[in-house]
């Protein structure tokens, strides 16, 4: 796994993927406030309703200001009052949605962090307990663990392939295809990990009691660590497949669009030509907040700038596994010398 | 379990159930804001109070505007001031209720996710440890685990039957009826799972110490995984049977209805005919938020559009179990060849 | 435990207790908003300050409107401005207190849910592991577990008796009295559970190694489940004995009463006779929110309508234990036939 | 440990300590809103800034109202507008700080609750497993556990002594002094507990396999329970040594003092003599909220009325240990009769 | 490890580091509100945008007040209205960002606390179980654990060196360099800890069953405690490498800067010369809140005053390890005497 050619191949593959979700420098106001590009702003998530609202706003304002249409001042005042009442509720709903999305984002990130940490604990404990056990089974467990990490990423992104480059030097082409063709690739890899544990530490005919005690305890410990990985991968599947209840989103958006759409009709008589920029700003702010929530709700896409840096996390798993294997060889070399 | 006929029967049964809770596309503003159907909006949860409030509002406004009734301006001003004070508190209460309901919804979803993940870990660990154990007991444990998932769904939905189609090829008709007739079907299935574990890994007369060490450790590991399933099923029962304390809901609704009902009396003199649409909008927004909370509070109904997609989750359990069994057979075939 | 006479006695006893905390139907606005009775509204928690505030308000308004007293308009304006500043802070504090109380309520409910679920896991695992162990010890463990549940309820409600009816057919009168007379009845029952575990699975002179391995593992597993029960019972004791820090409540109530008490003095010149109903409404809303928090803060009373349905939860424990025992007998009968 | 003389000595000692943090009756508005004493109100935490702000306010108002000074109306209006903008942000910050302090308080309380519950589980499990083990080691473990609880309290309160009265009949004077002189008394006690466990359940030359299996399993179980106690004591140390990041507190207080200090200058022209009471009230409310947070942030003092009732919690540990020991003796007596 | 020379060297090294993050006294309003230095205020985080906004504000106000420029009153009014709508949303976003940063800060602190507590439990349990095991391996485990703590600190601060002074008397220069040159120093140390555990408690040729039972159980217990340390170190890596999704920060800052930048244009006609100080205050408050969040978001720098006191936490680890070793020697001396 640690030969330099394959390592470089994998590195290139992960870096290519990771480039779609660049880091940002939060200490630079220039880049975060002024020069942020449309992708980082998640504009696509609210471009449609914004254009619609402002199209209506501009049309009405022009018609009104050139005198083509008229409104009854008195009737408008009731709407204005109703507006201010509704607005607080709207604000609460927006913030509620935004903070739910942020909590979800952070939960997703934590699950990935747990997969990284869980892999480290698994591999380190496995290698520390490996003395006198079948070497091939130990290596298999490590390899399929790496495959699990890569397959989880692909599965969560709804990509059906298991990229050969990212597993170069880890899985044989044959094994890679078996994972790729499985109904649920991450679970398939996990099954292979558990089978490797069984081969290395499982019951053997005529084993001594001491061996049984040692092997069984290690086997159970390793299986518990695998459980932890499955738990986190499963939590990510759950987060990906579950949005806010539809009724929340429908109500919020209905109120939001209704609110913004009627703004020009209510305020044109007071603001006149100022209506166009004022509606543009208010709608950009409010729809922008909703758009941020939508953008971060299911952060599993490979090309959204604000989504999870999954390539980077999975690379961390593989680098850690590689380090432990390298250290283990060197430690063994020292021990046997 | 994996023969194609039974698998198809089960799939059809689950898909029929799942169709009542469709996915929605949060990137489409058209479908979420404008074209959402009444079911998705949870209209039934607040249709009654909304009609009542607006009936009163329309009646009073008409009477007032045609001059049939009168109000004392001065007295009304005190109510208006009291209104604005009360409104903030009302807004906070509404948001509080809404966010509690959302947290509950998400807790329910997490419990179901844990049942899916817990089942995967249980079956995979069971099969990886099964070598040399009684095959029938292993298969029984898998079958009753699937039955547990289906029975939990039915029990939480307060449906007394255990549908034969959803367990086609998994449980014999005899066993299905035993589960259906038990006082608490999910617990009955769990008991059967534990009994199967005992048969496969429990103490045997004259077993070797190594076998006792291995069997006991695996038995305890599996029982701990069963505990996790029971914990989550129990948490769902708890969530289903516990609402917000009544005093919260009673206060909130009393204030809300009182507020909306007196609006036309206070504002008709200012807004005149505009009172009817203004009250209609404000009451739709505020009652709509309360309605969303009510709709999502106990999300266990089989036919509410915003409720948990339980058929889909349970299907995931059965598909995972099926996959592990299929992979196991193939792995065994490879190993024995 | 499962003979029908005793089961019926217990059921009656629990139902009598449970009737003080009825379910409510959150889909009925009629019953939750309009017809809710004073107990459900928790009126007793804020009747005193409400009467006091409104007595002062009515007295002053009458004196002012009949011209018996006077206020300096100018001075009042400064109070009005200070009011609006203070009000936001007051609103935040109220909501903060309310949401703390709700979180506490839910924590209490979760602990009881855990006691129910923990009991199920304990009994099911115990019976599944009981083969070849002393029958009496197994039955003792189940009986004392039921006694633990009942004693916890009584202890948390600060009731010193252990009602014979609720443990009919489970504990002998002698044992019941020993529990009742113990300094801490729930802990006494737990101690008896652990002693029964020791008798059934503990070390025996000259036991085989396999028996030691099996017995010790099961014993430790069961003790861990008992730990979980004690953890939750202890958490309930903690919740019962800990309120919000006094300084929070004192500040909030001082501001609230000060605010409401001075309202008539500040606003009587503007609102005149309208002051009385306006102050009545505002104080009902604000004190009602505080009252809801007070009502739900320590929800362990046997007769408050909004408190925990503890009789129902404990009954669930006993019914589950009963079911497992009944299923076990039948399974045994089948196995031995 | 259970002789009545020592028990009474300990009780007196704890009750003396506990009297500084009395219970309060949240159902009495009279005592919580009107008659609360200055200690309960945490006045000392904000007396200084309140005096300063109101000194300035009174001085300026007097100078202004007697005509000694003047302000430019126009310039003041800009400040008034800036004020209302800043105020919302200030309110949010205040509430944020208050709720952080409350969460911390509750976390501290939970840790102490866990120490109580963890001690119960430890002692009960220890005694239930003690048959055939060295009696002195068992008693030592119980005694040092009690010492751990007392030392934790003292250590968290930054009191260097280990009071002899609170450990009367539990630790010899010699042992008490060893704990008192250790760099970290709670950890010293824990070390002694673990050493006692080792003596009772640790490896012995030539022990039988069954004894090794039993002893090792119990030893590991007890050590895990000790880990839990250390975890909670450590969490309390962490909570005691960590406040909110300084930048939060500095910003909040700077804004708060700046806001209150300039109030009289901005509003004196409108409110005139009313400025003095108005500023007094607003500053009392806002500084009172900040003061509540400061008061409850590090709730480990032995004499603040709002701080943790640590004497009571530790007494609960000792009473529980005493009960278990008493019950154990009686159970043993019954068993041996 | 406990010789006084090395201990003093380490103490000096840690205290040098710790001096950059001084404690503050929250009871002193003088030092927290008035005299706080710029570093404590985190001024550097928002100096740039504040200067920019106020430069524009001053320029425009001067031009306007000397009559060099003009604005259309009517158009400005629409902006003012839009402003007040946007402001609430802005306030919510600011608070949301601030509370996320505070939660992150506290999570980081908790992880470090867990590393301290986990180290204590590991070393105490290790020494209590060490009887009859290879002394050198036990000492190695303690030494590499200390090295893990120091390396984690350096790694999280992105400092590549492993300072010799902080590990004086603990690690040989050779070992220190091996850690320093590893790709991931903390993981390297952890690997060395696990290897030491294996040497002390791992399988040995021809060991008795009792020895295998004891050794394996202790080994698994210790490895689980190591897992806990890795989990927390990994969580810190995750917190360091993950900010809020960029879209949130970009939106918030864009709105904030847009809001503040246009303030003078909108309000200069009303506030005239007062515009300059008013904008200065409002922008200081709002940017100050954003700055506090930015300052505390990734609190791993060695020289920010508001960041984690990592030197102090790591010193606590080393002091605890030292105490346990010292107590152990003394206990051993007593036991062997």
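Here the chain labels run A, B, C, D and E in written order, and each chain numbers its own residues starting at 1.
Rule of thumb we're sticking to: contacts are C-beta pairs under 8 Å (C-beta built on N, C-alpha and C of every residue); 3 or more make two chains touch, one makes a residue touch a chain.
Computed from a predicted model, the values in this text were never measured in an experiment.
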Smallest number of contact steps required from chain C to reach chain E: 2
Whole-Å gap between the CA centroids of chain A and chain C: 39
Averaged-CA centre spacing for the pair chain C and chain B, given as whole angstrom: 24
Multi-partner residues of chain A (at least 2 other chains): 88, 209, 211, 213, 217
Graph class of chain-chain contacts, one of line, ring, star, complete, other: ring
Ring path (origin chain A; first step to chain B): A, B, C, D, E
Chain B contact footprint on chain C (complex, rising order): 24, 26-27, 29, 32-34, 36, 40-42, 87-88, 91, 94-95, 98-99, 102, 105-106, 109-110, 113, 116-117, 120-121, 124-125, 128-129, 131-132, 209-211, 213-214, 217-218, 221, 225, 267, 270-275, 277-279, 281-282, 285-286, 288-289, 291-292, 295-296, 299, 305-306, 319-320, 323-324, 327-328, 331
Touch list for chain C against partner chain D, complex: 45-46, 48-49, 74-79, 81-82, 85-86, 88-90, 92-93, 96, 100, 182-184, 187-188, 190-191, 194-195, 197-198, 202-203, 207-209, 211-213, 216-217, 219-220, 223-224, 226-227, 230-231, 234-235, 237-238, 242-251, 253-258, 294, 297
